[in-house]
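As written, the chain order gives the labels A, B and C, with residue 1 at the start of each chain.
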Amino acid sequence: MHNLTLRAGLSAGIGLLATSATAQQVEIEYWQYIFDTRVQAMDQLIENFEAANPDISVTQTTFPYADYQTRVVAANLAGQGPDVVQLFYGWTDNFVRGELIQPLDPEVFPHDEIEAEFFPIVSAMKRGDDYYGLPTAVRSLALFYNKDLFEAAGLDPDSPPETLDELVEYGRATIQRDGGGNMTSAGMALGNAGQDHQWWREVLIRQFGGQPYSDDGLGVAYNDAAGIAATEFQSTLYGDDGIGEIGFMDEPQAAFRAGLAAMTIDGTFRLGAFGEIDSFDWGVTELPANADGMRSNYASYFANAIGARAEGAELEAAERFLQYITSQEAMAIWLDVVGELPARRDAALTDANLADPVYAPFLAGLDYAHTTVFVDEIAQRQVALDMETRIVLQDQPIDEAVAQAAEEEQAILDAFYEDQ
Amino acid sequence: MASTLTDARPLRRGRVWDHFSITTKRVIWAWAFLALPVVFYGVIRFYPTFQAFNLSFTDWDLLRPAQYIGFENYRTLLADPEFWQVFGNTFAYLVIGTPISLVISFVVAYHLDQVRFMHAFLRALYFLPFLTTAAAMAWVWRWFYQPVPIGIINSALSGAGLPTQPFLRSTEQALPAIMATAVWAGLGFQVIIFMAGLRAIPTTFYEAARIDGLGAWAILRKITLPLLKPTTVFLVVFSSIGFLRIFDQVYNMTTNDPGGPLNSTKPLVLMIYQTAFSSFDMGYAAAQTVALFTILLLVSLLQLWVLRAK
Amino acid sequence: MTALTDPARVLTTGPRIRPGRVLTWTLLLIGGVVMVTPLLFMFSTSLKTAGQVYDLRLIPAAPTVANYVEVLSDGRFLRWFLNSMFVAVTVTLSNVFFDSMVGYTLAKFTFRGRYFVFIAILSTLMIPTEMLVIPWYLMSAQFGWIDTYWGIMFPGMMTAFGTFLMKQFFETVPDDFLEAARIDGLNEFTIWWKIAMPLVAPALSALAIFTFLGNWTAFFWPLIVTNSADRYTLPVGLSSFAVEQSIQWEMIMTGAALATVPTLIVFLVLQRYIVRGVMLAGLKG
């Protein structure tokens, strides 16, 4: 009976709100999460799009990142919902399963073009024969470093660390402590609460000879010698004789931006915020290689999809809007305002970008990057975070910490795939 | 009841209305006054209460239609180690927070009550935090608890040559650190209530006691505290419920690792929030709210029984 | 913090200066200063630049209002402030009206079912709001109340606490007053509104203060039911603003100061009434 009430309520809600749009002016709604530069970039794109398509008007609605998924689901429940919606690639399964988004029409978005023109990681948006969304931009990681602190420590500000060993060496040279032994400036601002869990999962584990997940993606594969070695290495960075402390300045990026960390690992999306730094010079370099020169990176993206409720004129308008925001022009604007790399090869791999000291390391990283197939990004991040916390605060032996993390993450994967 | 209202209005000036006895008219008036509130309490309080119980027996996740799964959610809950940790945390907030805040506020109120010089000013100092927004002040406290060089408390410790403390970055200290914020914010209210209670005690009791030759300590124990019991009972119940429902401070002070580190600060309400509004596991979250309800009920009843008037 | 008790002092009155008394006063002052320290530092840091944040002195070396200019420039805080004001005032008016109407009816009318209604309303005090948020959320989703002012307000439009409080006070109003009005031919609504209500004015202001404070600082439900920044109340807006600032403490402190200081000033001016209201509500409630 309850089941019935729910459904009755839902259809009532849908009926109320699905009133027809005006004949002349089509209004569509675009949703994304709040991130200052992303919102600005989208405002600019909407302005351009509306100028070119006077018959369509686009409204942008934004939500805090933490609640974003819930908001989309709730709006759907209320019979509302966006026409074009941004979603993290790792949420695709949930969005498809909840019937929040619809597949892209291959007539409008031909598959061979998508596959030829976009970076291959776009395949994570494909379910069966359908693409469910396209990204404007992709993101990768790199090592940011504070040139002023390098110089103060007698290091060459133009030759940042190339390998993991050098990373530690540079960190030792730049860390500062007061008389009481309290760290006052970090060699490296770190912590899985920031981006380090991605670095651990897709970069360090591979560099130590392992792989994070089994080839079919169903199993956790880091509970082995390589995974333990990678975790061991990471734990020395924040250990007693390390180059940083977890929780310093609350967040790694805050420490770096305050000029209190010589290095930190972060993503392209941070370029906008770090661009406002005027108290010191900073540079970017590729994530350090291992002793054999092997590098890895973690790439991810937010895709734009068409909401399940868009139909008729709105669907057509939504398709046109999606085409525009995934065009080369839009990608150039996005790169300029947000700092995220274009998702199309042609737009990304321009001579200017490849020569740019800031973009080049990220683009290089994109070349050998891996993309984690998250089933529950928040929960899987929490597993990595808890592992680190147990090592730092509870002195849990590394092998036990890794084993426990693997067990917890496997449970998350199992619960998800059982449900399918 | 609703029909009484609609009937009453057109009849009021008509003949039928005049035929009613005064008593009947007053009854009709009473129900007219109550009509809207009765609907409100029915729809906004009672129906949702039953719905919460009802949902707790389903697997509803916002995405797919709900199905009844019996006591499955409760079985999961009782077998979930996180629930028991959260349960323990919730009680830790209560068991540490309530006595500490009551003792401090009583001592302050007891002395403040006797101070005349700049009384209003002193009272204002204690009362001000109660008027702040918990969500805003949580961020101020979070900043206080930072490590050097940014955290005030640690900088002071370090300056005094004392070892710095991890506070929020510690599984042992984080909960008391967050609790202190809540104690701080609630203290002013309790001081005011205690002072009101103290003033309500007739001075004749004190005079009689003094004539009997009782010392001040004896007066405190034999007169003040017993006569203050209704106030104390009220504050114990009120502040216990507050601590059992703590959320604003924890949510804002641990945004990077909600309820962390390692769930050591997570209270039941935050778990409910995460289950319902991050994982969309509405059925399971509903079962957790039923657990919260049960705990609140038992704690209130227990306290009223322990502190019952003899 | 002031655990010293001087037994001899309990009964003394009058302004005689005694060493014990001076000590108590000083300790109370120190405790009070500790209480407001977070507020002082919040305010002080909001006047510092990013570079001065590490200078932990209370008085900023070169105070600046630049943070305020930046935070206020996009108008969001003003919007949140007005949202909070609208929500808190509306809910307060609703409570003052309905809670006293119900309290009055339950105190002054005799009819079958009175006791039942009273117990039913009172019993809702046992239900924590956390238990109701999921059904409320579902209800809001179905009726399109999510992200609306009504959505924020509807759960608190009447409260059992207020009803109980007002019933207690109306019971102290002598029946003769109301009977006299009835003989004068006033109808029951007018009797309640014009005769009975003014007699419980102190209780009404206590209820108003309590309801306003509660809604002004409310966080949990507004956090759940609001979606867009346009609908946030001040606490929710502040929380999302603080996260968005990525730990720029001077900006966060500016936001926190904006969220607390204006109302603190108003509250401070009205302190006497608020304290009296809290005492009244606390003792009777």
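Just so it is clear, a residue touches a chain if its C-beta (ideal position, glycine included) is under 8 Å from a C-beta of that chain, and two chains touch if they have at least 3 such contacts.
None of the values given here were measured: they were computed from a predicted structure.
Chemist: What chains, if any, are shared contacts of subunit A and subunit C?
Modeler: Correct list: B.
Chemist: I want to compare two interfaces, A-B and B-C. Which one has more contacting C-beta pairs?
Modeler: Taking the two pairs in turn, the one with more contacts turns out to be B-C.
Chemist: Whole-Å distance, subunit A centre to subunit B centre, using C-alpha means?
Modeler: 39
Chemist: Using mean C-alpha positions as chain centres, tell me how far subunit B is from subunit C in Å, no decimals.
Modeler: Roughly 14 Å separates the two chain centres.
Chemist: Quick check on subunit B: which residues sit in contact with 2+ other chains?
Modeler: Subunit B, residues with two or more chain partners: 55, 149-150, 255, 277.
Chemist: Which residue numbers or ranges of subunit A touch two or more of the other chains?
Modeler: 6, 66-67, 74, 77, 249-251
Chemist: Residues of subunit C that contact two or more other chains, please.
Modeler: 53-54, 137-138, 243
Chemist: Which of the residues in subunit B come into contact with subunit C in the complex?
Modeler: Residue list for subunit B touching subunit C: 26-27, 29-31, 33-34, 36-38, 40-41, 44-49, 51-52, 55, 104, 107-108, 110-112, 114-117, 120, 122-129, 131-137, 139-141, 143-144, 149-150, 152, 155, 184, 187-189, 192-193, 195-197, 200, 206, 210, 215-217, 219-220, 231, 234, 241, 245, 247-248, 251-252, 255, 269, 272-273, 276-277, 282, 285-286, 289-290, 292-293, 296-297, 300.
Chemist: Which part of subunit A faces subunit C closely enough to touch in the complex?
Modeler: Residues 6, 9-10, 12-13, 16-17, 34-36, 61-64, 66-67, 71, 74-75, 77-80, 249-251, 253-254, 257-258, 273, 279 of subunit A touch subunit C in their complex.
Chemist: Which residues of subunit A touch subunit B once you look at their complex with the stated criterion?
Modeler: Those in contact with subunit B are residues 2-3, 6-7, 66-67, 69-70, 73-74, 77, 94, 97-99, 178, 180, 182-184, 193, 245-251, 260, 378-379, 382, 385-386, 389-390, 393-394.
Chemist: Enumerate the contact residues on subunit C facing subunit A in the complex.
Modeler: 50-51, 53-54, 137-138, 140-144, 146, 227-229, 240, 243-244, 246-248
Chemist: Per the contact definition, I'd like the list of subunit C residues that touch subunit B in the complex.
Modeler: Per the touch definition, subunit C meets subunit B at residues 1-3, 5-12, 15, 21, 24-25, 27-29, 31-33, 35-36, 38-39, 41-42, 45, 53-54, 56, 98, 101-102, 104-105, 109-112, 114, 117, 120-121, 124, 126-128, 130-139, 154-155, 157-158, 163, 188-189, 192, 213, 216-217, 219-220, 223-224, 234-236, 238-239, 242-243, 249, 252-253, 255-256, 259-260, 263-264, 267-268, 271-272, 274-275, 278-279, 282-283, 285.
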